[in-house]
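Two complexes are shown next, each including chain A; its partner changes from chain B in the first to chain C in the second.
Right after this comes the complex of A and B.
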């Protein structure tokens, strides 16, 4: 080999080595970015699935025993705020948060019954009727309810509360209640059923740089579902027509007495703090029940957006004094729009805050960028759309 | 030289791997977003009125325009039965075009330049109960020439989503 050949081959080797080294650094970044992009997508899918799974069930009511039908014939199944736990939002006067939603539904369960004896305010001793769907009571379960199960009690007056079964004895059970003692005054015959409930909300802590989709279990536990969720927004769309009376007489036990929402009391009956014959959804005019809520403009048959003002201005159900009161316009809800944004967990893969990134990072070159992923999706709770 | 060539081959293979992983990630992203967009339209259509009024007469929403945001109570097709080719061609009233961020940016036969996905849907009365139930199908594709997939039966190509449901008129 001549000196010239040696030099040329050395030059070629150096050129190839330089090319390899030149590729190595970007390749490492691209591999890191692609892995993170995949992770962002996965977290987005989990977020969407979790929220969709619960919201689509919201409003499912009792179908055995009392067989009362969907919950929104009595109470609101979704609330745009933290509705449960030790410090529910209504206790502080908050009735709307655009990044929070609470939901209720009766799952597939045989534990559906009615109160055999009244449950006055603050009382925790439960006596249940024994319809055929209930299992034979034992020392461990009452109508299939065991210690730790959540119980929803509600009635036609739109009173409701959530309890947990603390202890079961033969023929009865002792309940637990979170926060202030229950103020609801349930009469015998009120509906009691095993319930699933929860609250999704956004935890956004800029100081600690913690952004999480959280799920509160409706009792005491608040756990993260997905990390690095940087935006969450709920919008509500509802029936422009208010609840109306059907032709079914109020004393006909079969119902339905209204197109949706709670039935009014008979004309001369007083319910809660309302005048005789009225409730949060119906007025009495000329001894006839007429809707208390108005027809929303621009609706026709299409659902219209329910603004925060509409959902916080009353009328309140069951009445304006109940601690867990809710706006009667929540009965209208037919569709929930969710906007969700997920970001890269690594600041080194996020660029400056702007269109691509809600929370800025340290990346300064394009091949290190893993942009935020934002989606918007609708959920139409099946049991809140039985009239549509 | 031989060693250098071997290294070069390895490097080229790695580069190919990068390109492949990027392409697959993009495909997965498209499929995820397409599925969410398809479900969104399905839920939107499911929310349209298809029941009975207070006096027990059937109520059918045949006018709501779901190709606008917010949806408009008139000027659209609602749950009106679609032409048989609604999933195969862009049929106004049964198609909208969506940006990368999920916003509706068009509703005509031709997608605008800002569109990334095309969303077509069909409303088909159930043969045995045409007044009682409809089959709703939604197909979301990234904007591209779907070739033979738009001829005859519509299949689902990689990166696309196709979902279906049945909406039944129920007495309360």
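Right after this comes the complex of A and C.
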């Protein structure tokens, strides 16, 4: 083989190789983009599943004892803001964030009881009654509650707070509370139950380019659930009818005393800062309980959207002075609409910011685009729709 | 006479080095291997994605099946005036596909209803923190989800099983009797628990449980809970 033959054959080989690589390169990019598209879909699924499993349970209340029933017979089980932890939003006067939701529910648990003695503001010594569903107390557990378990205490006055069991002793327990000391004044008979709680919110840091779906455990820990979630929005839909009294007398222990929401006190009783016989959901007119909230127009039998203005204008439960007060319209919530948007983790697979991409990337050709995926889904918390 | 051309040193030697027959086959085989590897990788990615999305869709379907069985059982319980017959296993829902025993799950595996009931009841021994008041689970409904609708409007291979049990707040020590008040007030009177398992293809299973209360000829669902391990 001569040198000329070698050079010519090399040139031909290089030319063919270059042509093949020219064809293969876009194919490789498309292949890489498809793998990322699968990853985006999977992260979307995880986000939806995580939020759905908590919100569908929101509002599950105690199912043992005299006050058995959903939480929204007493308190709001979902809050459109960070409701727990060291610095809850209400302490700063914030009562609505469209990218945040907090929830409460009582899981399957035997730990459901009532306070055997009052728990005044700031107090942390817990004494519980021993109903039949509670296991026999030991030095390690009180009605099944052990150190580290979260405890929800609430009452018919719509007072509520979340504690953690710090230590258990024979016949009692010592609690912990995050943030400012609890301001609630619980009387003996207030309901105490093991609780699951948390807050989903969006972490969006443009400087660090960090976008995450976060879950706060309601105590101290805030952990990312899914990366590259660039948009999160919650909308609330509720019962157009306000809470109304049922025919059940207020002194009948069986209830239910209202269609939903907290029962009012007897006509002449004063509860909190409300006039005699009234609470955040009921007024007294001509010595009769009537709804304090109005009927929402446009709903008919269907649920209507509860706007941010409706959820931040009061009336407040348990009253306008309580640190963890909430808007009484939150009792209406029946459906939560969640909008989620997930982007490609690789900037090289995102094009310029626009319709396809909320946060721009560096891709300049269409075959390298992995567009953002956005999904909208409704969650109907079952326990907030039990009278359907 | 032209001088004899010298061959490059690499081609001098044995004759097989100069024999190029079969090179095309080798190049073709190498190319096919490369393309096959690419195709295999693509197929693997696609099939994995399909399996993941299929499992996700199946899991959601099984969840709604469990919820549907819960609703159906709630309605059936409302029509039974004496819950002691239910707790004793004498009366069951109309959603029953024969005597309890082995059933074939959608993936072909066998679900033994009696064995599953025994497992919930810890093999007949009492389990749970309530001693003599521990619920004794009884089969109440068991059938393919398609049987929930008499018109066969549901096209599904999911199998649902519903158990009932006495409420944990009872104090009568009789898990087969609802709220015996002979010895005094019983906080569990009129309360019953439902436990629903829905079985989908593969290992997919979703559980829902709830507590029901009969009050003034109405049924109140006091609590609905999805159980996740």
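In the analysis below, the second predicted complex is superposed on the first by the 366 of 388 C-alpha atoms of A that agree within 3 Å, B and C clash if a C-alpha of one lies under 4 Å from a C-alpha of the other, contacts with A are read in each partner's own complex, and residues count from 1 in each chain.
In this section, a contact is a pair of C-beta atoms (placed from the backbone, for glycine too) under 8 Å apart; a residue touches a chain by one contact, two chains touch by 3 or more.
Here the structure is a predicted model, which means the values were calculated and not measured.
Engineer: Looking at the overlay, does A:30 come into contact with chain B only (first), chain C only (second), both, or neither?
Structural biologist: The first partner, chain B, only.
Engineer: Return first, second, both or neither, reflecting whether A:256 touches chain B, chain C, both chains, or no partner chain.
Structural biologist: A:256 sits against chain B and chain C alike.
Engineer: Is A:386 contacted by the first partner chain B, the second partner chain C, both or neither?
Structural biologist: In the superposition, A:386 touches chain B and chain C alike.
Engineer: Applying the document's definition of touch, where does A:227 land relative to chain B and chain C: first, second, both, or neither?
Structural biologist: After superposing on A, A:227 lies clear of both chain B and chain C.
Engineer: Under the stated touch criterion, which partner chain does A:378 make contact with: chain B (first), chain C (second), both, or neither?
Structural biologist: first
Engineer: Does the superposition put A:99 against chain B (first), chain C (second), both, or neither?
Structural biologist: neither
Engineer: Who touches more of chain A, chain B or chain C?
Structural biologist: In the superposed model, B touches more residues of chain A.
Engineer: Looking at A:217, would you say it contacts chain B, chain C, both, or neither? Reply first, second, both or neither.
Structural biologist: neither
Engineer: For A:38, using the defined touch cut-off, is the partner it touches chain B, chain C, both, or neither? Pick first, second, both or neither.
Structural biologist: Once the two structures are laid over each other on A, A:38 reaches both partners.
Engineer: Of the partners chain B and chain C, which touch A:132 in the superposed model: first, second, both, neither?
Structural biologist: second
Engineer: Kindly list the residues of chain A that each of chain B and chain C touches, one partner per complex.
Structural biologist: Touching chain B in the first complex and chain C in the second, residues 31, 34, 38, 41, 45, 69, 256, 386 of chain A appear in both lists.
Engineer: Within their complex, state which residues of chain C touch chain A.
Structural biologist: 8, 11, 38, 41-42, 45, 48-49, 52-53, 56, 67, 128-130, 133, 167-171, 187-188, 191, 209, 211, 213, 215, 220-228
Engineer: Quick check: in the complex, which residue numbers of chain B touch chain A?
Structural biologist: Touch list, chain B to chain A: 1, 4, 7-8, 11, 14-15, 18, 21-22, 25, 28-29, 32-33, 36, 39-40, 43-44, 46-56, 59, 61, 63-64, 70-74, 78, 101-103, 170, 172.
Engineer: In their shared complex, at which residues does chain A touch chain C?
Structural biologist: That would be residues 1, 31, 34-35, 38, 41-42, 45, 49, 53, 56-57, 60-66, 68-70, 106-108, 110, 131-133, 135, 144, 254, 256, 382-383, 386 of chain A.
Engineer: Where on chain A does chain B make contact in their complex?
Structural biologist: Residues 9, 12-13, 16-17, 19-20, 23, 27, 30-31, 34, 37-38, 41, 44-45, 48, 52, 69, 237, 244-247, 256, 259, 298-305, 334-335, 373-380, 385-388 of chain A touch chain B in their complex.
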